[in-house]
Amino acid sequence: METLLSPVVLFFVLGALAALVRSDLSIPEAVGKGISLYLMVAIGLKGGVEVAEAGFTLELLVAAAAGIALSFMLPLPVFVVLRRVGKLSSVNAAAVSAHYGSVSVVTFVTGLEILTRQQIPAAGYTVAVLALMETPAIVSGLLLAQRYGGAEPRPMGDLLHETLTNASVMLLVGSFSVGLIVGKDGFSPIAPVFEGAFRGVLCLFLLDMGLIAAKRLREGKSLTPRLIALAIAIALTNGMLGVLLGAAIGLDVGTAAALGILAGSASYIAVPAAMRLALPQADPGLYLGMSLAVTFPFNILVGIPIYIWIAQQVVQ
Amino acid sequence: MTLPGTERTRVEILVDAPLVPQIVTLLGKHAIRGHTVMPTLSGEGEAGTWDDDLITSAQHKVTVLVVAEPGKADAFIEDIRPLLDSYGLIVMLSTINVLRPEKFA
Amino acid sequence: MTLPGTERTRVEILVDAPLVPQIVTLLGKHAIRGHTVMPTLSGEGEAGTWDDDLITSAQHKVTVLVVAEPGKADAFIEDIRPLLDSYGLIVMLSTINVLRPEKFA
Amino acid sequence: METLLSPVVLFFVLGALAALVRSDLSIPEAVGKGISLYLMVAIGLKGGVEVAEAGFTLELLVAAAAGIALSFMLPLPVFVVLRRVGKLSSVNAAAVSAHYGSVSVVTFVTGLEILTRQQIPAAGYTVAVLALMETPAIVSGLLLAQRYGGAEPRPMGDLLHETLTNASVMLLVGSFSVGLIVGKDGFSPIAPVFEGAFRGVLCLFLLDMGLIAAKRLREGKSLTPRLIALAIAIALTNGMLGVLLGAAIGLDVGTAAALGILAGSASYIAVPAAMRLALPQADPGLYLGMSLAVTFPFNILVGIPIYIWIAQQVVQ
Amino acid sequence: MTLPGTERTRVEILVDAPLVPQIVTLLGKHAIRGHTVMPTLSGEGEAGTWDDDLITSAQHKVTVLVVAEPGKADAFIEDIRPLLDSYGLIVMLSTINVLRPEKFA
Amino acid sequence: METLLSPVVLFFVLGALAALVRSDLSIPEAVGKGISLYLMVAIGLKGGVEVAEAGFTLELLVAAAAGIALSFMLPLPVFVVLRRVGKLSSVNAAAVSAHYGSVSVVTFVTGLEILTRQQIPAAGYTVAVLALMETPAIVSGLLLAQRYGGAEPRPMGDLLHETLTNASVMLLVGSFSVGLIVGKDGFSPIAPVFEGAFRGVLCLFLLDMGLIAAKRLREGKSLTPRLIALAIAIALTNGMLGVLLGAAIGLDVGTAAALGILAGSASYIAVPAAMRLALPQADPGLYLGMSLAVTFPFNILVGIPIYIWIAQQVVQ
C-alpha cells in the first residue's frame, strides 16, 4: 500500500487515468524517448560507480550467470504455455516468449526506487545483470520460432550483431563502464543530473508510460481476456522463479527481489524492435499488448510489492 | 495538361521503422540508388489505431519515398509483393514528372 | 505508362490538429476504414504564415492521408465540402495505384 | 523596474528580440511542449504539497468560488466590448471572450516568481484556483456563440468531457492531487527536479514564449491597432477586477495579486484548442493574436507589476 | 476515372532547410501565394546517406509542397532549373485535383 | 591521459563507438538541439555573471580584439593550404576556411571543463570572445569565394544581418547580457539548472555528438585521407597560433589555452548553415566532414590537451 503512494507510482496512475478518460494529454515522443535514454544512462552510471566502490565479487559473477540463465531459459515454458493455453501460433508464441525472458528497464528502475524507499537496497551490480538479461531471450525466441514456427533462420552473425549493438545494451553497458572507470570522484560533478534529478525525471517518465500503456490497452485489438490473464500469470511465475533462484544462490533480500523483478518483467523496448525485424510475420499488437499494456502496469502496481514480499519471506 | 520534366514512377511505402533497412537492401538489389524516409504521426487500419510513441519503436511507422525508372520500379514491386502481408506494408504507386531525370535512372 | 496494382483515390487533407477527430468521424460515416496522419512544419497562405510551435496547438497543422475506393472517396468529399471554409481545409485528390486493393475497398 | 530585471523576464525579452530581428533562433517544438508540461506538473505538485501542509481552509473554498465565478462571468463584458468597440462578429467575439475568462499558466507562474522575489508569496492553493479557472470560460464563450452567433449547440456531454479531460486541467489537478497525497516528505526526493530546477527551466520556457509571441505579432494578419488596444485594456480591467474581488473576500496581498494575475491573463493553450474544435468558424489568428501576441507579453512586462501594486494599495 | 475538383499542378521540392527562404522568395516572384513545408527523417542519394540531426542544420532536408495553377507552376519551374545542381534539389511534379481552386490561382 | 578519463570525454567515446559498430542507438534530434541551446544559454550566463563580478578590464578588450582578428585572418592561410595541398576548388576551399576561422561551442565548453578539472580556469570573459569569434570568419570566407571562386557577391546588408542575428550569436550574446545584468545574486536561484546540471547535460550532449560525428565519418563520401590529414594539421596549427597570440598579449595559462582551443576548433553549427545559404554550390559533405567528423573528435580527444600543454610551456 505504502508503495502505491510513492510519487512515481502515482504519476503512472495519473497517466493511465488520463488515457482511460480519453484526455488529449500527450507527451511529445521525442521527449519521452529522450527521458528513456537518460534513465538508462543514469542507472548504468550508478551501477558502475557502485561496483567500482564494492569491487568485482564472486557474488556478482554468480548473479550474472543466474540472470543470463533466466533470460535464456524462461522463454521455453512461456512458449509452451502460450501454445497450449493461449492457443497462439508458434511464431507468435515464440515472439511473445522472447519478451518475457527479457527485461523491462523501467520496471526494474521503479523496483529499485521502491526497494530504496523500503530501505532494502539491491546491490549495484544488478544493473549489469539487467544489461546481460536483455538479449539472451531474443536468441531463445528466434530459435523457438525456427524450430517450431518454420521461421527462416537468420545468419547467426547478424543476430549476434543486432542483439549486442542494440541501443539499450550499448547504453547500459557503456554507462556502466563509464561509471566503473570514473568512480565516485569522477561521478560527483555529474551527480546532480544523474542522481539528484533521477526520481523526478522518473515521475515524468512514468506519467508518459501510464499514458502509453493505457492507450494501448484501450485500443489494442489483439488482446483477449485469456491472454490478459496469461500475461499476469506468466509475470507472477517468472518473478517468483527469479526470487527463488536469487535466494538459492545466496543473494540478500533486496538483490533477490531485484532478480525477481527482472525475471517477472517483460521487455517492451528492445525485444519488440528485434522481433519486428527478425519475425515480421508475428503480430506486434499481440506482443506489445501483453508486455506493455498488461504485464508492465501489473508489475508497477502489484507485481513489484509481491516479489519483494516473497523475497522477504524466502531469504533469511 | 502536360507537365515539364520526364516521367518516373513514384513509390511510397508505409512501413514499420525497424523494417526500413530491409526495404533499402531490396532497393539496392534493383540498383535503385536513392530514397527518402518521412515521418508519420498516427493512423488507423485493420490492426487498430496507432500513435507514434517512439519508445516502443516496433510500431513506429515511416514512409519510404522512392522515385525510379518505371522498369526498375516494377521489378522492385514484384520483389516486395511477398512481404506485403507479413510486413504489413501499404504501397502507393503513381507517375510523376521529375527534373534531372538522369538522377532517377 | 501502366503501373502495377489497382487504381484508388488518394485524398490528402491539410487540417488543424484539433479537427482531425472530426475528419475521422466523417470517414467512419462513409465506411472508410483507414487513414494515416502526417506532420508538417510550417506554411503560408491567405491567413498569413504559421509555424508549428505545438504549445498553442490550435494552429498546429497535419496532413490526413486517406486511400479509398473512388466511389466512397467522392461521397466523402461531398460531405466535407461544407467544412472547407470554416475548417480552412486544403484538399488534394489524385489517382494512385495500390497493391492489396482489398484493403482500400 | 526591479521586476523587469529578473532573469525570467529578461529571457522573455531576449526571445522577443530575437524574433523581432528575424533571427533564425528557434526552440524545437517538442522541447517547448515538454517544458510546458513540466511546468504544469511542478506547479501542481507544489500547490498540492502546500495545501497538504496548510490544510483545507474556508479561505481556500472562498477563493476557489471567486475564481470560478470570474472565469464564468468575465467573458460577458468582454464579449460586449469586443462586439461594440472591437466590431468583431459574434462568433469571433465569443471565441475571444472565452480566452480572457480563462487563464494563462505561464503568466501565473511568472507572477508567482515575481511575488516570491518581492517576498509577498501567494497561498499554495492558488494553483487549485488556476486549475478551476481554466474551463468555465470555455462554457460561457460557447453559450455566447450559440445565443448570439448562431453557432450550432454542441451536446453538453461532449463539452463537459472536453473541458474536464483537457490536458492542462488533467495535469494541474492530477499533480495537485499527487502533491496532496505524498505531502512534504514524499515530495522531498523529487524536489530537485520540481522545485530546484523550476526557475531555470522557466527561463528557458520564457525564451521560447518570447520567440513565439513576437513571431505571431510580426506575422499575424488579423491584428489591428484597435484590437491591440483592446487586448491591453481588457487585461488591465480584468486584472483589476480580480485584485478587487480578492481584497473583498479577505485574501492577503500576495494571494489577491495572484487572483488579479489570473483574471488579467488570457489562455493561449487550452482555450484555443477547445475553440478550434467547437467553433471552427472563428478566426484563430484573431484569438491567438490577441491573447498570445499582445496580452501575454503585456502582462509579463507591465501587467503583473501593476496588479501587484494595486493589491498592495487595496489590501490592508 | 474522373475526380471531383479542378486540376492544378503539385510541385514537391526536397531541399536543405537553410535554402527554403530562397525558394519562397522565388514563389513570391511568380505570385504563388501559398506553400507548406514538411519534415523528412533520412535519405540516400549520390551524395551519400544523411540523417536529420538538426544540430548541423546545413543538411537538414525538408519538402516544400506547392499547389499552383499550371501556367504559374511551369514558369516557376523554369526559374528553379538553374538552381537544381547547386542547391541539390529534387523536384517532383504531378497533376492533382483540388477543391476551392480559387485558392490556388 | 587523465583528461581522457573525464566522464564528458568517455561519453563522447561511447557515442562514437556506438556509431562505429552500427548500433541503432540514436538521440531524438529535437532533444539534441534542445540540449545544444541549453549549453549556449548556460555558458553565456556563466560568462556574464563572471564579468559582472570581475568588471570590464583592458585585458578583456585586448582578448576580444585578438579573437576577432584570429577569426578574420585564419581563413586566409587555411584557404591557401586547402587550394594548394588539398586541391579543393576555390569555392570549396573558401567555405571550409570559414569553418576553421570560426569556433565550435562544444569544443570550447569541453575545453573549459578540462581546464576546470586541472584547476587552471580560463577567465569568464572568454565566453564573450567565443561569441565574437563566431562570425567574422564567415565574412572572410565569403570574400574569398567572391574574389577567387567567382561566387556572386551578396548584399553586405543581408550578410551582416545573417551573421549578427544568427541563433548561436543571439543566444550567447543574449545570455551573456542577462548574466551581466542579473549578476551573482540574480543568478543563484537559476544556478541549479545552469550550473549544477551543466556537466551532466554536457555528458549527454557529447554522447550525441560522438554518434553524429562518427556516423558522418563512416558515411561521408567526400573525405579523402589527404583531407583528413589536413583537417588535423589545420586544427593543430590554428590552435598553436591561438595559444601563442594569447601568451603574447599577456593572458594567463588557462585563458591562453582557451584562446588556443577557440582558434583550433572549427564551427559545425553556425557556419555550415550560413555557407549552405550563401555558397550553395560548395559541398556540405566536405565542410561538415572535415569540421565535424575529423577536427571535432580530434580536438576533444587530442587537441585540447595539446593546446593546454603548449599554454603551460609558453606562459610564464
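Read from first to last, the chains carry the letters A, B, C, D, E and F; within each, the first residue is number 1.
Throughout what follows, a residue touches a chain if its C-beta (ideal position, glycine included) is under 8 Å from a C-beta of that chain, and two chains touch if they have at least 3 such contacts.
All of these numbers come straight from a predicted model, not from anything done at the bench.
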item	value
Intersection of the contact lists for subunit B and subunit F	A, E
Any chain in contact with subunit A as well as subunit B	none
Chain whose Cα centroid lies at the greatest distance from that of subunit C	F
Centroid comparison with subunit D (C-alpha atoms), farthest chain	B
Whole-Å gap between the CA centroids of subunit A and subunit C	39
Approximate Å spacing (C-alpha centroids) for the pair subunit A, subunit E	45
Centroid spacing, where centroids are CA-atom means, of subunit C and subunit E in whole angstrom	19
Residues of subunit E whose C-beta touches two or more other chains	38-39, 54, 85, 94-95
Subunit F residues counted as touching two or more neighbouring chains	26, 28-31, 33, 192, 196-197, 273
Interchain pairs in contact, sorted by label	A-B, A-D, A-F, B-C, B-E, C-D, C-E, D-F, E-F
Complex contacts: residues of subunit E adjacent to subunit F	16, 18-19, 21-22, 47-59, 83, 85-88
Complex contacts: residues of subunit E adjacent to subunit C	1, 3-5, 10, 24, 33-39, 62, 67, 94-100, 103
In the complex with subunit A, residue positions of subunit F that touch it	5-7, 10-11, 14, 17-18, 21-31, 192, 196-197, 199-201, 203-204, 207
Complex interface listing, subunit F residues touching subunit D	28-31, 33-34, 37-38, 41, 161, 165-167, 170-171, 174-175, 177-178, 181-182, 186-187, 189-194, 196-197, 273
Parts of subunit D lying in touch with subunit C, wherever the complex brings them together	26, 29-30, 32-33, 36, 208-209, 212, 215, 219-222, 268-269, 272-277, 280-281, 283-285, 288, 292
